[in-house]
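Chains: A, B, C, D, E, F, G and H, in written order; residue numbering restarts at 1 for each.
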Amino acid sequence: MDPLRLRALLEEVQAGRATVDDTMAALRDLPFRALEFAHVDTHRHLRTGFPEVVLGEGKTPEQIAAILNELARGGGPVFATRVSPEAAKLVVPAVAGARYLATPRAVVVGETPAPDRGRGTIAVVSAGTSDLPVAEEAALTVELAGNRVERIYDVGVAGLHRLLAHRERIAGAEIVVVAAGMEGALPSVVAGLFARPVIAVPTSVGYGASLGGIAALLGMLNSCASGVAVMNIDNGFGAGRMAAMLNRATAA
Amino acid sequence: MDPLRLRALLEEVQAGRATVDDTMAALRDLPFRALEFAHVDTHRHLRTGFPEVVLGEGKTPEQIAAILNELARGGGPVFATRVSPEAAKLVVPAVAGARYLATPRAVVVGETPAPDRGRGTIAVVSAGTSDLPVAEEAALTVELAGNRVERIYDVGVAGLHRLLAHRERIAGAEIVVVAAGMEGALPSVVAGLFARPVIAVPTSVGYGASLGGIAALLGMLNSCASGVAVMNIDNGFGAGRMAAMLNRATAA
Amino acid sequence: MDPLRLRALLEEVQAGRATVDDTMAALRDLPFRALEFAHVDTHRHLRTGFPEVVLGEGKTPEQIAAILNELARGGGPVFATRVSPEAAKLVVPAVAGARYLATPRAVVVGETPAPDRGRGTIAVVSAGTSDLPVAEEAALTVELAGNRVERIYDVGVAGLHRLLAHRERIAGAEIVVVAAGMEGALPSVVAGLFARPVIAVPTSVGYGASLGGIAALLGMLNSCASGVAVMNIDNGFGAGRMAAMLNRATAA
Amino acid sequence: MDPLRLRALLEEVQAGRATVDDTMAALRDLPFRALEFAHVDTHRHLRTGFPEVVLGEGKTPEQIAAILNELARGGGPVFATRVSPEAAKLVVPAVAGARYLATPRAVVVGETPAPDRGRGTIAVVSAGTSDLPVAEEAALTVELAGNRVERIYDVGVAGLHRLLAHRERIAGAEIVVVAAGMEGALPSVVAGLFARPVIAVPTSVGYGASLGGIAALLGMLNSCASGVAVMNIDNGFGAGRMAAMLNRATAA
Amino acid sequence: MDPLRLRALLEEVQAGRATVDDTMAALRDLPFRALEFAHVDTHRHLRTGFPEVVLGEGKTPEQIAAILNELARGGGPVFATRVSPEAAKLVVPAVAGARYLATPRAVVVGETPAPDRGRGTIAVVSAGTSDLPVAEEAALTVELAGNRVERIYDVGVAGLHRLLAHRERIAGAEIVVVAAGMEGALPSVVAGLFARPVIAVPTSVGYGASLGGIAALLGMLNSCASGVAVMNIDNGFGAGRMAAMLNRATAA
Amino acid sequence: MDPLRLRALLEEVQAGRATVDDTMAALRDLPFRALEFAHVDTHRHLRTGFPEVVLGEGKTPEQIAAILNELARGGGPVFATRVSPEAAKLVVPAVAGARYLATPRAVVVGETPAPDRGRGTIAVVSAGTSDLPVAEEAALTVELAGNRVERIYDVGVAGLHRLLAHRERIAGAEIVVVAAGMEGALPSVVAGLFARPVIAVPTSVGYGASLGGIAALLGMLNSCASGVAVMNIDNGFGAGRMAAMLNRATAA
Amino acid sequence: MDPLRLRALLEEVQAGRATVDDTMAALRDLPFRALEFAHVDTHRHLRTGFPEVVLGEGKTPEQIAAILNELARGGGPVFATRVSPEAAKLVVPAVAGARYLATPRAVVVGETPAPDRGRGTIAVVSAGTSDLPVAEEAALTVELAGNRVERIYDVGVAGLHRLLAHRERIAGAEIVVVAAGMEGALPSVVAGLFARPVIAVPTSVGYGASLGGIAALLGMLNSCASGVAVMNIDNGFGAGRMAAMLNRATAA
Amino acid sequence: MDPLRLRALLEEVQAGRATVDDTMAALRDLPFRALEFAHVDTHRHLRTGFPEVVLGEGKTPEQIAAILNELARGGGPVFATRVSPEAAKLVVPAVAGARYLATPRAVVVGETPAPDRGRGTIAVVSAGTSDLPVAEEAALTVELAGNRVERIYDVGVAGLHRLLAHRERIAGAEIVVVAAGMEGALPSVVAGLFARPVIAVPTSVGYGASLGGIAALLGMLNSCASGVAVMNIDNGFGAGRMAAMLNRATAA
């Protein structure tokens, strides 16, 4: 609860303009609103530019559309992740201003903001073309949060020269998101070469002993290079949001 | 290779002051020095304040002492992690200016720098007292890299009021490192309450189905809150280094 | 075997109204009926109000309908769990008085009893909307067993204020069932805040390192809060039945 | 915050006996004390008889002794679990009134309360003699919380007649705690025979494919009998505490 | 190679009726025929009554039919396991004398032999009705190998009285095959009660932490009762074949 | 309960030599003794030659000695498995007639019976010399149960000629126990070559990806040869007991 | 960068025919082209006969066709692996000279080269007919790289005589690729018998505890025979490529 | 059996200089010696330079010494792997000409042969200094088999410039053995850069989610680069033996 509002309430009581009972009612929710209060802080911070997001997986098209419509009232861009093409065919017509991006499997409502809210650019790097859905989900999240993104795709460790060709874009990024499946070695190599903090996203690309992305996940967690932190398998959204938070102005 | 140096070489050839053969010899190593060149960039960046570190585990006390002595010539602080008390008894006397910190199990050489190299403070939060070795390893790493650290320990989810008592210190931190074992739920709760980016470190604290920290690791990877990235189990050093990198001035 | 019946048998022998051979025959089955005897005790206890249940998964619609019809002769409510919508279309018309509940995927036959058989209310709490099928399966089981249920859904740890808004309903419950997927942290938080016994149900909600609910399961087993016992993944029925048993009058 | 106290504060303001600033100061901590307030509720409930407990594992004997001494000031019984015999030799002399129980590996301070705080008795059942440390940890926890306990040990499924010999004690218990290692089948059998709610504790007894208790844990989670909820491997304390909570008077 | 045949060959050489070269040629294949020779022993043993079997899974209906037709020339019964209903519709018309058994998902060609080839009966026991496909695959294999089978189904540990009702049939069996999913406790209980050798088959019946039958498999491997040996998950055929081999006359 | 005893009781009542109350008391325990009765059957069967066994692991030397002394009163041979050399030094002097066998780590009391209780010989085969403790535990169990054993050791698949050199002894065995670590392929090869039923025991011999015997266990469970049933890792005793049970005269 | 080209550049500068600036521009990319330079070496080596390959899985038919068309311009044979029959129907008509091989699920463009590029023949051995897709993928890769291949299929360890019948072809091979599912024992046996280096490919053939090929993979990694190196599950292409590389002329 | 020997035997019979019985005796072992015969081929091949090896782990010092003494009679070098320093102190004095190499933990007897038996050099590459025991075990095996070895250590992916500095030695090697722990990315990078066949050895170096080398193992199995085959964790000997076999002259 805002201290000014609290003071006002008390002054009303003091001045006899409010009864104790009314003030009691106003304060009644204070204890359990305490966390909500903190949460409002959170929301305030988030609202300075982070778009609202809906996890489409496990929801019906009707549910996705309804939530998007409600969130879109707030004005800023909103989006839904993990929306299948079939679901998108039902969601997009039902939400004004919605469009479907097939690669990141996202339904987006509203304009992409100007990329002026972060300290620097965010590079999104992928090992192979099969990692694109995850990488694009990260890139989209980063862009919708008002960041400048550098997309550097298909530069896996089987041919390091491809990675080196982009070294200036990577070395110049504030944060680097790296998506890789199979052995998941790319984040280690990127962190070792460029000394930028890396948000690593293992992908489920691979077969057999890739164990649905577990091999890549373990590889990234055991990185011998400094500056690699890891997200859940295929969690491109989470990586993008983390990068966007890190690229924001400081807490102070 | 420094462009100025390359230009100088070519001008020497142009001017007839150097033979083609000598210049060939000077350039011979260019290809394989390319990465080294990039690496120098890296080192230059790193050298602006990150201390050198030695992984003590798997090395003999003699080896640890020798490497510390060599690294300490550079002047800045250096330290070794995962040094057992037994090994420390042999390492500390053999390295001038060395001291042993029992909780983070680290041997440190040199002064802790002034905490003036980051954008903000770094909060290090632990769920229980058993997580202290990991949390302190993170805090030490953060401090030796010139950051201001806020230690907030023993505030696990079984009694959230303990966490809330420190809400200002956490909400005011640039980056929050959270170490937790057992179910590893604290990073989710911290990220949900305070909207600061969280570097989560699962610890091997627990027994039975904690599987040596795997339960906490999985919990953190599946966090339902935004802004949680995860390190390897017990990797306090890695979390501290990541947080320090993120707290530094931008890449530009 | 009923002691009175045994005494009667012996008195018949004593009185010469029954031969030893006939009594031997009557007693012949005693050994293997011993457990059956115990089982009757069990059934008597169960029959005081727990509805019969059919696990629909792995049975044909014809089998489900046949078993429901047979069980429904007993008069009380009966239900089948894990019935797909496709199967339900065949089951419901084939069972008099049957209805399908889509969210818990259950076919119910008979009236819901008055909620007067337990000591108190049972709260069913879910972390997210995707956990609803499991939570509703638990709630349905609880209601059909004659308990008053408090449904408190979508109050996961990413926004604890939502949970706190319901604190009186949770703190006032005799038993709390908590269903959560992903990191499965909610049961720990609920147990820590409200000091009520928690029956925790991990759900398979999540992806990647959630490992089909294993992450949530491990999290709940490693809860740092007292008073959390765990069911199988997605076992809403089991949680509901356990809660109903615990809410019943005592063994005496 | 107590409503009466809040009303008093407001009436002081209203009456002009307190300034707004003082009242502001008094209310200042309200938001973040909200959870603490809830927590006091918790403590009040807990304090009606649950002993304080210290997890001895991972603490030095000095730490264990210090915490026990502090907790023991409260008067009621306190105890430390997972204390090795070596540690106990240092802890017991340092804590007035402390005694060591070798089987449950616990240091207890203070008298065992009268077993009058629960609705009924709690049966603690173990499959083998190797499960005794876990079973005794549960039984001790139950007793120190003021419950009457029935110990029924070494009645595993390889010889069911041993179990049946105790059927009245089990069928008459309010709650049954069952500790078993290896295949962990005993909770299913107990729940099937006696229809009492079972708190199942897998133990790490076994070798090879027992995987340190994982086999027993999985067996219990997949119980085909109703009324089995599961604790972490070897968590006798947790099972005892859960059983004691369930045996208490209702929430109302 | 038959010693008599070898002697004959040598005598031919000795008598000058065969050249060294011809004998060399005859002996040339001896080394690699050695194992084949042993194998013929094997076949001879097997041919005394074990039916040939085809693993239908992973083969086309055409392949299954072709192999069955070829094997059926031998006269004895032959069968194919793991044949889907769809495949069976194509296989049965293409093989003279073939019939499809839906529960064990098997195509059988030829008459079931008289049950006179074993020392005793073989009991096939299942925990639940969902285990029937596996149990029936075992029973069918046992019958086609000329054994008398006792089918005892749906007698899981949640209601042991059902099992006891069949105690004479089980105790009188030479070998007991037990199929169970979920926690897989039934083999332990059967072995403990009846002291007959048990071939345990875990089934993939269950969900969540049953891990596709791994929980049942681990439970059976860790059986605390003597006389339980374990097959692969869902391997009813293997269990039946093992039981049939064990029920045969001795090696001598 | 013995039928003769039951008849006697009834005749006493009939004859008026016993009161109904006394007979009630005598019969009172019938229901719960039912399983005990069955169990006596079991014991009678077992007692025809199976030695009593004590699992030494997890017991103190004093406990082992006490149990052995008690069991040894029965006259037949008894033994304890998994007894460390250190424990054996305390156990052997405390038990009359005890001797320690270092390889199978067993303490044996009493004479080895004549090998005349089985239908045929039991072959115990090991892949390597490191598997000897497990193989010898099986062989000892087999011998103490009155069977003739053929020991065939160190004949792993890396040199199949070693195995073939013993083909007559293996092909002539009634049952073959095969102990193997690492990839655990030997049971498949033995079953394929000799068509005798194989009790396979994976051992924990190996390192790295052997996962403490899990690799061998999985290999044996997936055997492509008929007639392989599997025991827990390192469970030589279990394999020996199973083989001995199978080698006994029939159930009839 | 080619040394001759570098010398030419320097001589141009020396002779005054090129400015320093132009030469700087020409050399500007040297550092990051260093790896590319190494990579050209790689390509040169590869281009001496290894066909280009496309991983079809995870690509649309359009993408596969486009890449094949582009690669086919190079003249040599190219192929795509893991192409479903459905996809092949769209790919083959869209690529001139393409044909579909159903068993290895590959689309091949161009002629198979003469088998004259290796030191010897490469044997491809499979345990069962279900392993054929993997074995044929390996054989195809080997042939398209210009090697002579010996296909030896369906010779699993359940009937070793089948394997021995081909001993000369295996013993005479330079490299042996062995594909096997289930327990994966065949590579050990082949390596033990024939002392040729074995590239082992576990397949996902099997069910239950085969864990999708993990059992076979672990078995091969733990081979007790020398000379077995292992590929990912179902990675026939990788095994073929490895064998082809090993069969090539030496590095010198 | 040697064809010449067989012919001689037959000619003796033909000439009447040997009886049929004696020849029968000589041939008696032919069938079961068939594999031995093949094995002799194997041995002959092996004996052309591969040293005999003893796995020291799991053997007593006395056993190791005895086997080494026996093997050393053959003249060539022999060695024992995985010998602890404690064991070595007992083994070395007991074997004439033995020496202990501490890093690879090996006892070697006899001279290292001249490195003239392979087609080219074998490079042994390690990621870190902690991988040295495994790398040195491989290098020692390679050298004792008569190969020239290039040791390139501590060149992990966190600083690729270190690897590139040795590019000529790696690119010039016939076979490259790469040992790496933690994320195990080095083999992929080496194979991608140098196009030489790589034998990858995961090591158990690491902690937490390295799972004792499983993370590195999975990473290597999922390598996105062609030409990587994998050995068991820490199996330096196996990698060295495989490399030496591959470096030998062809099978022909």
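Keep this in mind: contacts are C-beta pairs under 8 Å (C-beta built on N, C-alpha and C of every residue); 3 or more make two chains touch, one makes a residue touch a chain.
Predicted, not measured: the structure shown is a model, and the values here were computed from it.
Novice: Any chains in contact with both chain B and chain C?
Specialist: The common neighbours are A, D.
Novice: Can you check which chain pair, B-G or B-H, has more C-beta pairs in contact?
Specialist: B-G
Novice: Report back the single chain whose CA centre is most distant from the CA centre of chain C.
Specialist: Taking each chain's C-alpha mean as its centre, the farthest from chain C is H.
Novice: Provide the C-alpha centroid distance between chain B and chain F, rounded to the nearest whole angstrom.
Specialist: Once rounded, the distance between the two centres reads 55 Å.
Novice: As a quick test, compute the distance in whole Å between the mean CA positions of chain D and chain G.
Specialist: Spacing between the chain centres: roughly 60 Å.
Novice: Using mean CA coordinates as chain centres, what's the gap between chain A and chain C in Å?
Specialist: Comparing mean C-alpha positions, chain C is 39 Å from chain A.
Novice: Which residue numbers or ranges of chain A touch two or more of the other chains?
Specialist: 32-35, 37-39, 159-160, 164, 167, 192-193, 208-210, 214, 217, 221-223, 226, 232-233
Novice: What chain-chain pairs meet the touch criterion?
Specialist: A-B, A-C, A-D, A-G, A-H, B-C, B-D, B-G, B-H, C-D, C-E, C-F, D-E, D-F, E-F, E-G, E-H, F-G, F-H, G-H
Novice: How about chain D: which of its residues touch chain E in the complex?
Specialist: It comes out as residues 127-128, 156-160, 182-185, 188-189, 191-193, 206, 208-211, 214-216, 218-226.
Novice: For chain C, which residues are in contact with chain D within the complex?
Specialist: 34-35, 38-39, 41-42, 45-46, 119-120, 164, 167, 171-175, 192-197, 199, 217, 221-223, 226-233, 238-239, 241-242, 245-246, 250-252
Novice: Can you tell me which positions in chain C touch chain F when the two form their complex?
Specialist: 1, 3, 6-7, 10-11, 13-14, 16, 20, 23-24, 27, 30-35, 37-38
Novice: Quick check: in the complex, which residue numbers of chain C touch chain E?
Specialist: Going through chain C, the ones touching chain E are 32-36, 38-39, 57-59, 202, 204, 212-214, 217, 232-235.
Novice: Under the touch definition given earlier, write down the residues of chain G that touch chain E in their complex.
Specialist: So the residues of chain G in touch with chain E come to 129-130, 159-161, 164-165, 167, 205, 207-210.
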